[in-house]
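One structure follows; several queries about it will come next.
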Amino acid sequence: MEKTLRLKAKELLESGEVKVVIGYGWNRSKTRTTPVFITDPADVDTLVWNPLCVNNLSLYLTRKYKEIKALGRPAIVAKGCDIRNIVVLITEGQFKREDVFIIGMTCNGTVYKQDLWKGELTPNIMPTKCHNCDVRNPHVTDFVVGEKSTFTPPEVPTGMVYDKVKDLDSKSQSERWAFWVKEFSRCVKCYACRQVCPLCYCERCITEKNMPQWIETSAHPRGNLSWNLTRAMHLVGRCTFCGECERSCPVNIPLNLINQKMIGVVKEAFDFKSGYDEKTHPPMIVFSPDDKENFIK
Amino acid sequence: MNNIYLPNLVTIEDIYEEAPDVRSFRLVFKDPKLRDTFEFKTGQFGLYSAFGLGESTFCIASSPTRKGYIQCTFRKSGRVTGGLAQLSIGDTMGFRGPYGNHFPVDEWKGKNIVFVAGGIGLPPVRSVIWNVLDRREDFGHITIVYGAKTVADLVYKEELKHWEARGDVTLVQTVDPGGQTADWKGKVGFVPTVLKEAAPKAENTVAVTCGPPIMIKFVLNALLELGFEEESVYTTLENRMKCGVGKCGRCNVGDIYVCKEGPVYTAAEIKRMYNDF
Amino acid sequence: MADKILKKADLGKLIESVTGKGGRFVAPTTDSRQIVFKKVKSAEEIATDYILARNSFKEFLFPQTEVVAEFTLGKDTVDMRGVEVHAPQTVIFGARPCEAASLKGMHALFTWDFIDEFYTKREDNTVVVTVGCTKADDACFCTTVNLSPASTEGADVYLREAGESYTVEAITDKGKKFVEAHAAVFGSGSVKADPLVMPEKIANIDLAKVSERLKDKTHYDDKVWPKLTRKCIGCGACTFVCPTCRCFDIVDEGTAFEGERRKNWDSCQYDTFTLHASGHNPREHQHQRWRNRFMCKFNFFPEKFSGKGCVGCGRCVRVCPVRLDITEVMEEFSK
């Protein structure tokens, strides 16, 4: 697959169809992958593809990355799950479909965190999203790399995140509250969850607005709770469960539980899953006259 | 315990409306002992508190030759300055300082001085101007070139009138093209251009400048063209600060901590710094 | 005089001896699937098999958020009160030699003309007990910055693993007093220390050259900066886990009637960090913010505070969501 990927990248750069290929490369010791930005066709051999390619590179297509935008039209190496984020970005008007060349990678799953890699991809080191993936054959692409995957996701989603959500749902309100207060108490307010999220593309985040101060910046229980709940609410109906926030959290806050819970609520209320069709707008940004809530009418 | 982050309480004794959204406070320490003993040097700055909102950094705009009070001038632009702008005469606010280095005014005795300021850059320069004017006989010719976007944006309007009237100061006022009013008698044009036209003599002369970063850049060039030595041109850098005492880490220009090693620098020193402005 | 030793089985006694005198005992322990420095009450809580704790122990000297003053606002009155620092007697046990080396620079900064007693009073009451490393991973690079698992800089007491015991070496007077104060727990005898594990020095890095290159101001506008740091996403994770990062913000919080002034960790990686009220930002682009952090580590922090700007603990490398490895930038600047 790497060979096809490199050839395609070379062709795209040489023809001038794209000016930069955003993909994965090795770190120095070849123990971890890291995002790379290839602008010279001579450098395409830097590109790699393996189960360590965890990053959701669609982040770099957002408006925050002015210096990357300045390089010119990008091609992006994307797994199906990453493409779901590209689709959300398109539906939210962040750029047009033709503004990016999508090199879709067929995927057999990635590791949950790169440190878990021992040389072989086993189910126990894969994140919940991979066990239930319905986009192993990437769904919105300009070019596909890899053999078609025959994987069919289980009808009822399975995995640690779903089990834990179910477990939390079965608890009382006060127990759930206690659970989250404890988890959020570790938050260090580094905002890695926000920075790594392709959908947190606001140039001025609400945490940085201080007139009035909506969210206290101190890492005390009040500040941590209001930050984490606000982050969650701003992703309702948009989050694709890519898991980057949880992977990046330096203090292991189980953000995937919140994300998946919201996804479940949106599915139930609007029968909507984000990131599949670039022509359908997410429910939170559209108004429909037959909305079941009447407060808005 | 000695708490370096604890401000002193000050009372707002008077408020002056300088320009749209720009006002000055005349501040007096609540502690009578501090009122008598407080000393600062021209060019130093302080951190001013609006309680419940935070602290903001401005220079001390009054001159150390005027004892018993300090004055600050600020533009309402954010959370803290917005809160300060709501205070009235008699209200209490906080002050920490003085911090930083100062203009070496005593070394300038016998020299001519040219002041060049733009917009809200006049307050730090004002401290030097009054310091010099209060011992006028120690200095040679004094020129002030001051400009703002519009006539309304000129600060210290009463003092400008006074400087113009006193006869021992050459005052050149200007506004940016389009900023003039029908009865505007000053110049129309950008500060660096007007400065070049005014062409103050460079010989035995010190220049002091403050204003928006882009203005400072062109003013420095203009002064060099006029023959000023880089060592005789002074400016004051106003970077964002939180602690004011060399700890919090945000005011640095490369390896230089503006709060501790500045804010006053010569053009020669600025030239030697990392390009981190 | 026979050498001092500490039997691992006696760790519980040491904790009791410290906490019995009202002190707190901080050690690496497991919390939420990570090794973390936390206050512990028993020896069972202390992790034994770890490379480094996720957090640096700096938070026990310089907490992430702390109240420096309180105020009450009346109709015509303002009452502003300074807060006394809470500085309990503290033992940091199981720190690594790399992170302890951060203390000298921290002390120099917090006492630079103005003394921040919130830091110094805690520092006075803290004893740092390091344990030489018998494990390392590929993010460790202490030997590249001229430290090693045998370094004792910043430590008050230096321990080495020796089977079921530790060898004990009191480094500072504070360390000697600590060993004396808990003399009943420390035994004497002769045990052979386990071998230390030295991370391999990164071949292409020359620290002196990095420092020399950074002094030449022309590098500031070099295209190498955006190129090397393009992938940086601007989160502050690296700065928050770094033992030498110590930048902070000062904020007011509370209601219209009362509140507090807090000193909170901040990060030079945030774009609001240096943003002026006018909208001008001296470090507008992420690569400029990254450059600042690198300059701080290898140029102005060591020069100004004659301490270590970077101790090679590798926390920033491990925590970075995009694996931006500081040693790869050091390598570039060694050329």
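Things worth noting here:
Letters A, B and C mark the chains in the order given here, with residues in each chain numbered from 1 onward.
One rule holds for everything that comes next: a contact is a pair of C-beta atoms (placed from the backbone, for glycine too) under 8 Å apart; a residue touches a chain by one contact, two chains touch by 3 or more.
Source: prediction; values computed, not measured.
Of the two interfaces, B-C and A-C, the higher number of touching C-beta pairs belongs to B-C. Using CA-based centroids throughout, the chain positioned farthest away from subunit B is A. Our note on geometry: subunit A versus subunit B, Cα centroid distance of 49 Å, whole angstroms.
Taking each chain's centre as the mean of its C-alpha atoms, subunit B lies 39 Å from subunit C. Remark: subunit A and subunit C have CA centroids separated by 32 Å (rounded to whole angstrom). For subunit B, the set of residues touching two or more other chains reads 78. In subunit C, 249, 251 are the positions where the chain touches two or more neighbouring chains simultaneously.
Multi-chain contact residues of subunit A (touching two or more other chains) are listed as 213. The residues of subunit C lying in touch with subunit A in their complex are 31-34, 54, 64-65, 138, 226, 230-231, 233-237, 239-241, 249, 251, 253, 262, 264-265, 267, 270, 272, 285-287, 318-319, 321-325, 327-328, 331. Residues of subunit C that touch subunit B in their complex: 68-69, 71, 73, 76-78, 80, 82-85, 109-110, 112-118, 121, 217, 220-221, 246-252, 254-256, 259, 261, 263, 266, 268, 273-278, 280, 282-283, 288, 292, 295-296, 299-300, 303-304. Subunit B contributes residues 78-79, 82 to its touches with subunit A in the complex.
Listing the residues of subunit A that touch subunit C in their complex gives 27-29, 31-37, 55, 59-60, 64, 66-68, 114-115, 183, 186, 188-192, 194-196, 208, 213, 216-220, 223, 244, 247-248, 250-252. Chain contact summary for the complex, subunit B toward subunit C: residues 1-7, 9, 49, 51-56, 75, 77-78, 81, 90, 92-94, 212-213, 238-240, 242-243, 245-255, 257, 260, 273-277.
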